[in-house]
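In the two complexes that follow, chain A is the common piece, with chain B as its partner first and chain C second.
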Partner chain A sequence: MIKAKQKPIAEIQQLIAPYNNVLVLGCGTCVTISFAGGEKEVAMLASSLRIASAMAGKQHTFTEATVQRQCEWEFIDAIANQIKRADAVLSLACGVGVQALAERYPDKVILPGVNTTFLGMAVEHGVLVERCRACGDCVLGLTAGICPIARCAKNLLNGPCGGSQSGKCEVNPETDCAWQLIYDRLGRLGQLDRLDAIMPPKDWSKDYDGGPRKIVREDLKL
Partner chain B sequence: MKSGSNLEKVLTSGQFAATGELGPPKSADPEVIRHKAAFLKGITDAVNITDNQTAIVRMSSISVGTMLLGLGVEPTIQMTCRDRNRLAIQSDLLGASALGIKNLLCLTGDHLKFGNHPTARGAHDLDSVQLLSMVKSMRDEKKFACGEEMDVEPRFFIGAAENPFADPFDYRPYRLGKKMAAGADFVQTQLIYNVPKFREFMRRVCDLGLDKKGFILAGVGPIKSIGMARYMQKSVPGMDVPEEVITRLKGVPKEKVREEGIRQCADMIREIREIPGVAGVHVMAIEWEEAVHQIMELAGLLPRPKV
Partner chain C sequence: MTDKRDPPATSAEPLPPCVVACPAHTDVRGYVRAIARGDFEEAYRIAREPNPLPYICGKVCAHPCETKCRRNDVDEPVAICALKRVATELHDPRKGHAPGLSVGEPKEEKVAIIGAGPGGLTAAHDLARMGYKVTVFDSYPQLGGTLQYGIPLYRLPRETVETEIAPLRELGIEFVTNKRITDVDALLKDGFRAAFLAVGSQLGRKLRIPNADLPDVWVNMEFLRKVALGEKLDLAGRHVLVLGGGNVAIDVARTALRLGAKQVDMTCLESCTTQPAHAWEIAEALDEGVQMFHDRTFKEIVAENGKVKGVRCVTVSFRGFLPTGAPDMDEFPETEHVLPCDLVIFATGQGPDLSFLPQDGSVAQTRRRTIEVNPVTLATTKPGVFAGGDAVTGVGFIIDAIAAGHRAARSIDAFLRGLDPASVQPSEPEELGDLKEKTISHIRRLAREEMPKADVEERKASFAEVDLGYTRVQAMRAAQRCLTCGAGAKVDTDKCIACLTCVRICPYEVPILVRGTAEVVVDQCQACGLCATECPAKAISMTFDNDDDMTKDIRAAVRKAKGNGEPAIVGFACLYCAYGGNDPNVIKAKLPKNVRTVDVLCSGKVDELYLLKAFELGADGVFVAGCLEGVCHNEKGNVHAAQRVAYVKKLLDEIGLGGARLEMFNLSPQSCADMNATVATLTAKVKELGPSPVRRS
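Here is the complex of A and B:
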């Protein structure tokens, strides 16, 4: 799922400073699961902003709402009235949700309250890790189900660099070396010989280098 | 001959090769290059010029290489995958070859995090194995990475790096083999201080027949101070500095540590030279180019062969 992290409160305060009535809008899907922008986080953030505003002697009002998914028209259409009443919307959804609001409400100021961080999962409670870069050309079938694009800081496709030590990455000793993981797993699967093949340069045009990506399914269009 | 470089000639004639290293300055001052080059001229068979090493911006490897040609020192330019995509790499290599540069070391490059522009975007369009294979097909098939053909190909003696001490240790010889299969004519290793472990690595490399497929130059370098040794031991990923190396330096008075570091480096060269499959040494005296002459003298590697 999409993982996000709330922006520092000082940055949020700066973003919303010019607006008196701010709607803090949560999203009930990915950011709820990553504890960054669900109903609970909306309540906590709105209350912190209210306190800060009162302490600064300002007259800001903060209303709260959370929709199931900010990235779908039907859900954001349903709260049109609340959005219209606010001077600005502080969205705690991922960048997709923020942009959906901006597109649907062209005259409204829409501000991001979280930094959309990566596609990943919680490996344990409170620990979220990146697992996919959405590169558009999956290589997991060649790398024992471990992604060297998302999980190697140098995007290596042909084995570990010289900074792999004791299973860890030189860039962050808390991060597992993706190629150590691939090596170990290929060994377990009896497929170490796969490492001998030279993986050719990647087609990055399927990644963001090819420009914004689009999938059109004629069979599904109404 | 693939490139006809001095380094290629020394190695193919079966003589024990020695290469040096020159770190370009963090400025546009050509005087630094002339000063450093004077310490290395005639002392090693070729001199590597690092490419923004440790991800710190410095004078470019190719421009320094061109200056070295004018000073009568054979350069080995380095090219990392960190700062350039495949277009920039190919274009720079065409230019380097046109300028007369004949040796090229292909690297992934240290991560940006370690340098002075940690917020920059890393290119990493290719990895070092793909870079080797691209340069080889430019040279041997006159083909760009996209498959288009060129009239005049860049003729490089192609090098790769390998770190025998990084993990997974069992995989390292195979990775070396992969780099040779991709196009490496020679290999320069990471700094060696753990000679027994390097010997084991080379035994495995020779078992795979890789010493016959390319030339392996062992990386060595003098230690300047106990602090530097401790830093490399504890903080540089992929470095293996055994305690006895430090013990030897601790055995001399503080003002003699540099001298002892030079002697220790020379002793290591003599020891490594006896390891089967080692075709030469790559002496990395980082920001200490003046030490190389003495190391080479003490190691019995002077004068250099004329080929």
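Here is the complex of A and C:
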């Protein structure tokens, strides 16, 4: 799922400074699960901003709402009235939600309250890690189910590099070397011979380098 | 739009076993919880609502609720009966006997109640509140039936009975004492539109064995009644043998001791493990020196020259009573022996005196010599005449009679309004399931608070009350053992996104996923509140202490803490430990006026939002007082509270208010006698920081 982290309050305060009436808008799916932008985070952020505003002797208003997914027109249409009443919307959704709002409400100031960080999972409660880069050309079938694009600092297709130290990455010694993991798991699966083949260069045009990506299913279009 | 579950089709929630087991379905959980929070008046109000005799039940109820209490599966049941008692003892009588209960518009119809025992009094109470003109007849001079003439004084002082009866008089009920009704038909002709027969089981029975008619062979009910009526019975030097092993037999034995008997023995068919008397009654009798002889049947009363010398017994293996009433047992050969005594008291059962019923059989009787009724409506075979309590069921508990009184009152009201009495009776509530082993393994073991009792030697010598009752602190501690069964966390399936936080965080391993959403299994939830506070979707709410309740409390605390010239400090205090085992009211009274606490049952219930809310409302400092690490009532509630405090401190630093204004204190339930000193350190720190710059318009 998409993982995000709330922006530092100081940055948020700067973003919203010009606006008196701010709607803090949460998103009920990915960012809720990553403890960044669900109903509870919305309430805590709004409360913190109210305290800060009162400390500054200002009369800012912070209203709160959370929709199921900010990345769907139907859900953001449903709160049109609240959005219209606000001077600005502080969206705690990922960048997709922020942009959906901006597109649907062209005359409204829409501000991001979180940094959308990666696609990943909670390996334990409170610990979120990156697992996928959405590169558009999945190689997991060749790499024993461990992604060298998302989990190797150099995105190496034929690793490891010389910086692999006792199974850890030279960029961050707390990070496992993805290629060590791939090697170990291929060994378990009896597929070490796969490493004999050199992986050809990847088609990066399917990644960000090819510009904004689009999937069209003609069969589904209404 | 989603594959989520639909919410449950019925809104009726299963009730905890204590509530279901109580024949009157008293909201036991409600009043025990009120006591756990120190709100004794609220506890009284809840306990009183379905029970016009709470003072009496607080002392002598057989408390089937405790028998079914789910803490039995963990350690020992919650001391529910003693808690009801303390609620009545601390109730301010100026607030009235029945706070919040109303009286209906006066009605013309007259209703006769035969018998002023617990069933009759309850029916009279209910009907009087409905507005009917009620007259209660009783053949004895004092009101109360078995409460007056059955239960010994050392268990139920008669002032307690009067405490309950006085408010019934105020309801306008007419009491006619020393009046034995012998003609029910005449009553109905005399203007009474309905009658309730609640005559109890006042007749003791002797077994038909040789010499049972000697003057020194007595019967339980008559004996207890004579003592209650004040007849001087001197048993000095006597060796009494009570035949029977039930609760009444115990009453008889302990009464005999108090009348000066040199020695009191009991003997019964049952073994020491199957003896029908309650275990606690047996224990008290043994403490007072009563000897028990189990597994015996009685063949004859041995006498010489008309003087009782003993009872000839045979050892048996007793399995129970057959449907015919005969004992199912094997006698062991060559075990005949004589238990010596010079006075025998039969306590082998009792039944109603039904000689007053119409001779024409229009009020039918059962083969067991009780009144025949429709069990739902309590209607007898004579229209307009209803019956309940022991006269219908055989010997039961006081609370059974109270429940029958309610049932009869509903039926009579329906009958008088031309409705079908069956249509007004509530259906039986659904009961919560059992605790699972896994849940039990996580529940903190807590010893039951012992009931203070009068000294054994002193109590043998008088009819003074044996149980002395809990203090406030003891009561709160005893109530805090309650598992709050069935009133825990609830998931709003529309908001749940199956993030699994609740599943991961619950110290009792209760939440599960069912078709795409979390479910906090109601049978198992221990109401610790951790899932509700940690849920990022705010999809979980607590039955008690929900966000709205807490916000109200926080608002009040901040308001009171402010304006005292000192920094306004608001604390969230765990009731299990923050007051160091003292009365919270006493500790709170010692705190300076600028320090106000919001009580919580476990610091794990303190949401980050509550901390922020206090600051938002203008508090200068905030603290959370939880238990020491490792001794949390809910395993790790205090650890989570500390994590939240640390997180909010960081937030406060970021917005410039200062995290130093917020503190977590971990206090021991035993050693923290002085919350004041702990809080003073925070107050001093906050003073240095100056008043909160949060200005509320």
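The working rule: the second predicted complex is superposed on the first by the 222 of 222 C-alpha atoms of A that agree within 3 Å, B and C clash if a C-alpha of one lies under 4 Å from a C-alpha of the other, contacts with A are read in each partner's own complex, and residues count from 1 in each chain.
Here is the rule we use: contacts are C-beta pairs under 8 Å (C-beta built on N, C-alpha and C of every residue); 3 or more make two chains touch, one makes a residue touch a chain.
If you're wondering where the values come from, they're calculated on a predicted model, not measured in any experiment.
Once chain A is used to superpose the two complexes, chain B occupies space next to chain C without a clash.
By the touch criterion stated above, A:196 is placed in contact with chain B alone, chain C being left untouched.
Applying the stated contact rule after C-alpha superposition, one finds that A:40 touches chain C and leaves chain B untouched.
Of the two partner chains, chain B is the only one that A:160 touches; chain C does not reach it.
Contacts of A:132 after superposition on the shared chain: neither chain B nor chain C is touched.
Of the two partner chains, neither chain B nor chain C is touched by A:142.
In the superposed model, A:183 lies in contact with chain B only, and not with chain C. Angle at chain A (Cα centre) between the Cα centres of chain B and chain C in the superposed arrangement: 130°, in steps of 10. Once both structures are fitted on chain A, no C-alpha atom of chain B lies closer than 25 Å to one of chain C. Residue ranges of chain C in contact with chain A, taken from their complex: 495, 497, 499, 501, 504-505, 535-538, 608-609, 612-613, 615-616, 651-652, 654-657, 692-697. Contacts from chain A toward chain C in the complex involve residues 8-10, 13, 28-29, 32-33, 35, 38-41, 43-44, 47-52, 54-55, 57, 59, 66, 125. Note for the complex: chain B touches chain A at residues 81-82, 86, 108-111, 113, 122, 124-130, 133-134, 145, 161-163, 166-168, 171, 174-175, 177-178, 181-182, 190, 237-238.
Residues 153-167, 170-171, 177, 180, 183-184, 195-196, 198-202, 204 of chain A are the ones that touch chain B when the two sit in their complex.
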